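First chain A sits with chain B, and in the next complex the same chain sits with chain C.
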Partner chain A sequence: MADVEIRNVYKSYGDTQVIHGVSVFIRDGEFVVIVGPSGCGKSTLLRMIAGLEAITSGDIAIDGRVVNEVEPKDRDIAMVFQNYALYPHMTVAQNMSFGLRLRRLSKREVADRLRRAAEILQLSELMDRKPRQLSGGQRQRVAMGRAIVRDPAAFLFDEPLSNLDAKLRVQMRLEIKKLHRELGATSIYVTHDQVEAMTMADRLIVMNAGIAEQVGAPLDIYECPASAYVAGFIGSPAMNFLACEVTGDGRAVHLNGSGELALNGNGATAGGGVATAGIRPEHIAVCGGEDADLHVTATMVEPLGADTLVHGALAHDGAAAGPELTIRLPGIVRIQAGEQLPLRIDRDRIHLFDAERGTRIN
Partner chain B sequence: MIKRVTFASKSLPYLLLGPQLLILAVFFFWPAGKAIYESFFLSDPFGATQIFVGLENFQMLLVSPEYYDSILVTLVFSGLTTLAALLSGFVMAVFADRAIRGVLVFKSALIWPYAVAPAVAGALWIFLFHPTFGSVAGLLIALGVDWDPLLNGAHAMTLVVVAAAWKQISYNFVFFLAGLQAIPKSLIEAAAIDGAGPGKRLWYVVIPLLSPTTFFLIVINIVYAFFDTFGIIHAVTGGGPAGATNTLVFKVYTDGFENQDLGASSAQSVILMFIVIALTVLQFRYIERRVSYA
Partner chain C sequence: MIERAHWFDRLTYGALIVGAILVCMPIYYAVIVASMPDGSESDAVYLLPGGHLFENLANAWNKEGLGRQLFNSGVMAVGVTVGKIAISLLSAFAITYFRFRFRMTAFWLIFITLMLPVEVRIVPTFEVAANALAPFQAIIDLLAIERVAGWLAGHEVDINLEWSLLDSYTGLILPLIASATATFLFRQFFLTVPEELCEAAKIDGAGPMRFFFRILLPMSTTSMAALAVILFIFGWNQYLWPLLITTEPEMTTVVIGVARTLPTEDADAQWNLTMATAILATLPPVAVVLLLQRWFVKGLVDAEK
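And now, the complex of A and B:
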């Protein structure tokens, strides 16, 4: 077990820089999820930690030792690949024990560790099969097994669940979390699935185009996103963004056609001027006409059972004209497309972002 | 489902197949049939008289020490040629696979030998290794090696093996390189993380995964060394010295055309024909069941 420190790491392929200075300290035993859209450099960062990509500048230290020049095999890490990367010519048992045999562990030790891992992952029946005789979920387990028998200082995962179907993904997600609780090993997990990110992470690294935009606990990031980018990426359905005008004292905003909305306790850092207001779909409610901040005309309704998503266009002088808005209402609500809805916004939960730079300003 | 093509006219398929069948008949079935026929006769050098002798030609062969010598020479020659061509092709492919960037130049440079005719390849090697005017031979002699492939059987064997293998390296290289590039990169990376250095990755992961390619190439190279090296041997050593490089195929030629013993020569061709058929069957059965590690 070990901590992992990433200090001001840059990565370039030829002339193109893809990681622009990332610094994170990952504590011993922590489960950290790196999340971000495709191509933002998640895999590249992980592969630099694994030693599969050279670091252009900066340092990566595992357990206090800078490993920039250390071979992958000497970094004491294990990695689970997206396509599992099982050795096709070896049985499950051989796949899992390969690393141990290379490290010249005694036969008994190898057998012991294999048995324990097989029990934890319910692989005991499959030990003599070849990978091609396994289902996707079973292959995934073998890949996990190959990592845990090694008892490494840190586990690295690169989108290990993205080849599984939705149900299996939920199940494996829970299993990996459980495993982490039992083994307590430092884990770094890459995904572009924000549900995985929110549910699995002790701490989240939200990446955007080669930089770590925000690092923090999932709920902290949800409640207080550092930028419009993070706010839009974390949370589903995505946050609504509306242009707004901040009052001179910074204590209230005017939304598109609304009256003055007081920002209870989380006023803007600077008064006056235009900004972007971010409002999560779950922080908007349907209300009586006299309390309404805004009116929308419903354009589409998605009843999900547990809650109902309403997509609407902001009404302006009675006609649907303004920007789109998504609203999440608890339970089953019977609304028809075309209906006009008076809406009230939760004033405690309005996020304000700089209109140009997207940084948080309240 | 296999799609069946239906022809409106009954004669069209025969017309389409005609040229191919004609070529096969003229250049394969006819000479092959003739060889089988001849192998049962004793003919005088001018083909004027023929006496039916049944299996005597074969019996003669099987008690002839020269024939066994030739079998041994062929086995040694094919074994060494296959080994040398496979190993060199493999090593080059591994290097090329590492230095992917230069691969295009490398690949085209290495494919050239394959386009060189056997006799030309032979002449090239003769020029390099001829004891009196060969440049490499001069170097060897200067280094104190008593190099003389015209008199020393082992030297002659070395020379034809090198010349024959050289021609085959490019072919093996291309197949090995394709095989190497088909191995998913993540497997190699997984092995690296599991604790295998470059050598162990090669031994435990790459070579096992290449085994279908390797097996295919072994068969191809053996067939090549057996049957396609006449030109090289003819140009380099002419089967000598003292039969040291007289392979089975070369012996068919010397017995038939130089010693004018058509019956013995035909009997040898018939035996070779069965060897080719056996190797071809092996190859086809194998390719059909080609293991895929997908």
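And now, the complex of A and C:
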């Protein structure tokens, strides 16, 4: 068990810089998820913590010890890979104990740890099988078993569930979370799947193009994204962005073709000028004609049962011409494509972002 | 591809049968000739066995030196096989997993040797085999070390390095041991091994050599077995090199032994004995193929990743 500190870490490959200064402190026992689109540097960051990539500048410390020059095997970490990376010619037991045997642990100790890990992961029946005789979920469990037996200071997960089918992914997600609660080990988990990120993390690190855009608890990030990028990345369907004009006192905005919308209690820090308004699909409701802030012409309706997604284009003077908008309506709502809908926006939940830099301004 | 057409079946079977006959005919004829009694017409064509096969085989076997020749061939073939596999595994490991200066140069140097089989480089190879220390002698001569040593010692010094590989197993095996083909085969195989495996081993605490021996080697067994079959036959069938490098009868290989039973101008042709010897010489490679054939096919198809 240990904390992990990343201090101003940079990474370059030749002239190309891919990580532009990331600093995060990960507390002992915390489950931190690094999320971002492919190519944002999240895996590189994790591999630097593991010691599989050199650190160009900055420090990484595990349990207070700077490990920049320490070999992966001496960092007291365990890693679970996306494709599991099981040794194909070894049995499950051999796979899990390989690292322990290299460390010259006593036979008894190895057997003890194996048995405990096998019980936790329900692998006891499979210990003599080869990886190719296992299903995807079982292989995933073996890969985790290999990490658990090491009893490491920190677990590193590199998109461990992306090779599994959807149902198994949900199941394994819960299992990993449960496991974390049992073991209480510091865990760093990389994923591009925002559902995994939201459900598993104690804290989220949202990465974009080599920097950590925002670090915080999942719901805090959801409710108060620090930038238009984070706002658009977290949440599904994605947040709607509309150009808007902020009034001089910063207390209200004019959306594209709407009247004045008072920003109750979350006015802009600076008044006047153009900004981007972010509105989550679930913060828009269909209303009576006279209360409407905006009108939308539905172009596509996706009934999901629990809720209904309506895609539409903002209507100007009865013609659908404006930017696209997605609306999430609770329950089953019968709407036909082509229908015009009067909409009301939840004024408490309008996010304002700087039109150029994308940073939050309310 | 599943082809149901009847005529297509017949065509493929026809082609197979013709091919099989073409391949088997010489072997069949060797057996026929080997079963002929002594003193049969040498230019007659026989189609049916003559009933003296085992007698001739026994004669061939009892002929002086055949056992020794078979043993020599065995040592040479096994040595070449083991040596080639060991060297090419290591060199493939080096060029696949390590980043060092002139890595690509090393790679291309190995590649170029593909174009230089033993037959092409036979004269320089022989010279080196005749005195394996000749290159060092050349360096000594070039640097005039003899004169320096003589000046230091105060009298004339003569340095002569000599280490002949002629008429030795080392000489038979060593010059044939480097193999670009096998290196490439293993390199190709190593490239299909996922990189994460190497990283997982690093985190598990395995150094490069441990990763090589504990993980890469066991994973390559099928390709090694497939290669072993090919290389054993290659080593067994060597003719020119053993012919050059061995002069003593107890160092010759069986292939040369077979060649020596061929009729010369002043001796009677004993084709039945020649063929019997040839059959005996063929048996060990056949045994190796039969023994390793399952691995051989598996290694070539390589369904297991």
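Keep in mind that, in the parts below, the second predicted complex is superposed on the first by the 362 of 362 C-alpha atoms of A that agree within 3 Å, B and C clash if a C-alpha of one lies under 4 Å from a C-alpha of the other, contacts with A are read in each partner's own complex, and residues count from 1 in each chain.
We take it that a contact is a pair of C-beta atoms (placed from the backbone, for glycine too) under 8 Å apart; a residue touches a chain by one contact, two chains touch by 3 or more.
Note that the structure is predicted; figures quoted are calculated from it, not measured.
Participant: In the superposed model on chain A, is it clash or fit for chain B and chain C?
Facilitator: clash
Participant: In the overlaid three-chain picture, which partner chain does A:Ile55 touch, first (chain B) or second (chain C), both, or neither?
Facilitator: After superposing on A, A:Ile55 lies clear of both chain B and chain C.
Participant: Now for A:Leu102: first (chain B), second (chain C), both, or neither, which partner does it touch?
Facilitator: A:Leu102 contacts both chain B and chain C.
Participant: Contacts for A:Leu343 in the overlay, against chain B (first) and chain C (second): which applies, first, second, both or neither?
Facilitator: A:Leu343: touches no partner chain.
Participant: Looking at A:Ile120 after the superposition, I want to know if it touches chain B, chain C, both of them or none. Which is it: first, second, both, neither?
Facilitator: Neither chain B nor chain C is touched by A:Ile120.
Participant: Once the complexes are superposed, what residues of chain A are shared between the chain B interface and the chain C interface?
Facilitator: Common to the two interfaces on chain A: residues 50-52, 71-73, 77-79, 81-83, 85-89, 98-99, 102-103, 132, 146.
Participant: Could you please specify the touching residues of chain B with respect to chain A in the complex?
Facilitator: Residue list for chain B touching chain A: 184, 186-187, 189-197, 200, 204-205, 208-209, 293-294.
Participant: What part of chain A is in contact with chain B in the complex they form?
Facilitator: Per the stated touch rule, the residues are 50-52, 71-73, 77-79, 81-83, 85-89, 98-99, 102-103, 132, 146, 150.
Participant: Considering the complex alone, what residue numbers of chain A touch chain C?
Facilitator: Within the complex, chain A contacts chain C at residues 50-52, 71-73, 77-79, 81-83, 85-89, 98-99, 102-103, 132, 146.
Participant: Would you tell me which residues of chain C are touching chain A in their complex?
Facilitator: These residues of chain C touch chain A: 194, 196-197, 199-206, 210, 214-215, 218-219, 304-305.
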